[in-house]
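Chain naming follows the written order as A, B, C and D, and within any one chain the residues start at number 1.
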């Protein structure tokens, strides 16, 4: 599956766009779950960056970027589990997942 | 204990000496364990105490055998294990233990008698709810006593000495709910402390002179050549050498423990404790500790004496001993409490021992100590058995005719009594007392003690006869009929009785095995031992004295059981004398009007000082500070608080302003985060532009 | 120029956009799954097989399912009356645009600095395994611990007071 | 066995030769693409055909087990039954419930079918006959398996039907639970061979002592792993006794209740294909893939062995389906998490032991003893707590 010569910049731009999309999703949607989805997207964008830099970096055999990506995937899974758990717990107490309604912590 | 062993430096000392510390350590450990037990765990407690003490007895026998083997090998065994406990500066506080003939004999005696009494008290204390506590104290006492016996360092000896005193206090006041018991305990404690002060002074002096606390340390100890030489060379007050003075100080301590005149007052009261305690502590072992102490430091007393002559210290010891012997015997005649009679006889016998030490050296005194330990323990246990059988009745006038009800007790008691009186040839008491009398007879300084001691012997025989007549002859004058005691009590009696007889055999003039053993001489059996000039005559006189006492006692009290309320026979004859005897020659009263009165007066003075002088000063200081505090309070309220409140308000308002940023909406935070990232990244990039 | 990359990029971006634009939550989950898949393929195209398959396994096989369950448990699958976008959605959009602008600017700025070409790295799964068990063993253990803790935590957090975890 | 000119070798490599011959006509530029296309076509043709065979086998086999004839009308012995079924499915009406989510409802079976087909790509069907010999083929396979769950959910959710949704949720939960077991049981093999590549794994088993093969199933840990693998495989493919998601008695037909006609046929095919793929993987991992069972049978073409083994595995599936009754949902979950998972983990440890203990009968003893002991122990425990175990039926009183 080796591509003939896609410049690194393209991957970085793709990552940036994906990150922006994720951020937009996290910032604009009401539903808490959607925010989590947006965050997942952002994490994926970061992973893409890591992999891309690993691929084009001076020492790919050192596997640093790859490892970083793999670990971040694992961490993302954990994050999703806990986040969704929290969402469910919150839903149990206040029958909603609407973030605009969740402002108990207002100072 | 581990480091003790690792400290132990002397490669010469044998395995036995190395592990000698186990003998006291076992009972102490046992008492510690028992202290952790719950109250109802009686069997466990008893087994722990008895088991540990029997182990100690075993080890003691081993040690004794070791010394014996060395002696028969023809050399004087004295093995020490010493180690430095605390170092400070160039000096070190040394502790250590010694194994020699003296220690060995005492070890066996203490652990053996102690074991018998432990077994006895299983029966005697069977119905006491504080059974476990009792055995805890008892084993602690046994451990401490054994410690006293083996200790080779003045300090260790003093520690164990005080521990012994403490346990004695605890056990006398064992039935603390009885006010008399509590008082007796206090009395015993304070009186013995009084002696111990002098003892401590002696120790300090000795340490300052010799620079070592060890008694024997391969020639460097304070009881060995060089140190003694220095001590005797220098002169203390009134013509005493330093050695003698120190010896007397130590003797004061010994007198306190051994109830010598004038510190004997606590011992009769100590009979408030349970009878096994009286037997173990106040007849056999603890009171003997004083005698043992003198024997232990004998070189100190003896140094500087010409051959055949004596030293001032020893003279003092002798006179006090003799005086005590007669004095206590006199009082014993006038007592009606079975245990008090025995207590006073103990005091007088201790007097004998002291006199023996002063007159004839270690062996004589110690021999009487050992024999006395057995038969006096026997007598006390017998008394306990009697009391037990008579339902806690202690007044001899309310007993009588028990030889039918309690035959075993009677027989054993009679044996003990005869031994105490020194009934000729058969009983051990005869030989040991005879040794003392002989020594007194040959004493170069004065004949006084001899006559005193002979008179004491007469009295002894008399009051013992009186007691036995009251208790065992005549007819029953008590309330409930008496009953024989259980096996666990009578069996120890039998064993003790056996020893009360046979022990005499090892100290006869014909075969003075004991003396030889203590002094490390060879011993041979020869009838010529009796052939010494005057010996037979002396034996004859002393026997006659004893018979006289017995006959007199029987003639006066005989088989006629008088009414408890009736006057005593002697009271008829000489009321004034009787009153004196009954009231213990007014010693307590004397102390009351002198010592106690002085203390009370001093207490009042101190009280007045406290209230008026010191109290006044303290009150003044308190008042000043109170004033100051008021001042500060005003400052606080009007100044500091004001400022503080102000700042608090400011803070809260500021917090309110900041809080308005906290919308509580996740997305706001996210936005702010993102904006921050954007700005930072922008700054970074702008800065890094070429 | 390589068409594969562009196809994949379009797929991924479309997935992402659909995810945040679609009104039905389940649809957006499916869309984001598509984005994940596209990204996985991009990884493959970057010769990162292991990462790619791990991506598929974890994101499509686990995270997506997790989200779906969350959606069902919170009854978010039916559309809410009040719109799906928050009241101040425009602000969020602007900020996101700003972020993208800065990132893109950074990328274009550093275009000259970073290498645009590189040889295909000869890295096998074997090497990855060795690295995981060798240099990165401590991080691996830590991540394992983290996952365990996260699982337990999630169960406890989501657990209903009375009945067990769903 | 190198590719010399011998007849056996040619027979063994016949498909490769065929492909090369065909591709030979094309210009060099298109050859890689052509290779791929041909391979895909081959898979798409072969496995459905195999599926047809399996279906007949199953229906007749289950018939025998249940003591009836099974299909015997269409063609000799009813051999053409699957063709008839296919035609029927194609000409039936394709119903979409009107409140259903049409797009998702349509996409679900496609996604399922595609993922299942993709998983075949890495299976070494014969000596150097894997379509793509990936370095991490096993991981790819598992990933594809994971992807099917989503399609199941899509199917269940999109057809607005509580039975479908329930079935889907059950199915997904069950799949996730048993995927763990599946993964762990395969990891043992990876631990021993030190590679995720399926061809490499087969090569590792293609040795013989005397005439006996070195298949992993002939080792203690191998047996344990294989048994767990088969159980997990059945659960993954929702086969009886783990067919709770489509239990007719409770929820009409699970997540494909609302499917009919061709879409249903696709589900049907996909289920059987995933079954085949799982058993193919099992054969590859534990039964030595295409390697011969006895050394002197090496001349038989490798692909024949492969398909024979898959067929045997399939037969096991059918056999179990015919005999074992369906188990409850809670029993199913408990069985996965409280019994299989611990055993699987222990099996990992045991495999490590096997790896480090070195040659000799010793490691056989130790590993076997540990495994049996653990199995017995766990069994006792579970039975005592009655999480799994005999059900008590209360007859009508």
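Going forward, a residue touches a chain if its C-beta (ideal position, glycine included) is under 8 Å from a C-beta of that chain, and two chains touch if they have at least 3 such contacts.
Just so it is clear, the model here is predicted, and its values are computed rather than measured.
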Task: Chain pair, A-B or B-C, that carries the greater number of C-beta contacts - done: A-B
TODO: Could you grab the centroid distance between chain A and chain B? Build each centroid from C-alpha atoms only and quote it in angstrom.
DONE: 85
Open item on the list: Report the inter-centroid distance (CA atoms only) between chain B and chain D in whole Å.
Closed with: 92
TODO: Find the geometric centre of each of chain B and chain C from their Cα atoms only, then give the gap between the two centres in Å, rounded to an integer.
DONE: 87
- [ ] Starting from the mean Cα coordinates of chain C and chain D, work out the distance between those two points in Å.
- [x] 29
TODO: Note the residues in chain B that touch 2 or more other chains, in rising order.
DONE: 667, 671, 674
TODO: Identify all positions of chain A at which a residue touches two or more other chains, and write them in rising order.
DONE: 23, 26-27, 99-100
Task: Chain contact topology (line, ring, star, complete or other) - done: other
Open item on the list: On the basis of the stated criterion, which chains touch which? Give every pair.
Closed with: A-B, A-C, B-C, C-D
Task: Of all residues in chain A, those that touch chain B in their complex - done: 23, 26-27, 32, 35, 99-100, 102-107
Task: chain A - residues contacting chain C, complex - done: 1-14, 16-31, 33-34, 36-38, 40-41, 44, 47-48, 51-52, 54-58, 60-61, 63, 66-67, 69-71, 73-82, 84-89, 91-92, 97-100
Open item on the list: Using the touch definition from the top, list the residues of chain B that touch chain C in their complex.
Closed with: 667, 671, 674-675, 677-678, 681-682, 685, 689
Task: Residue ranges of chain D in contact with chain C within the complex - done: 101, 104, 134-136, 139-140, 142-144, 146-147, 149-150, 153-154, 157, 165, 169, 172, 176, 179, 194-197
TODO: Please give the residue numbers of chain C that touch chain D in the complex, ascending.
DONE: 24, 26-27, 30, 33, 37, 49-50, 53-54, 56-57, 60-62, 64-65, 68-69, 72, 77, 124-126, 129
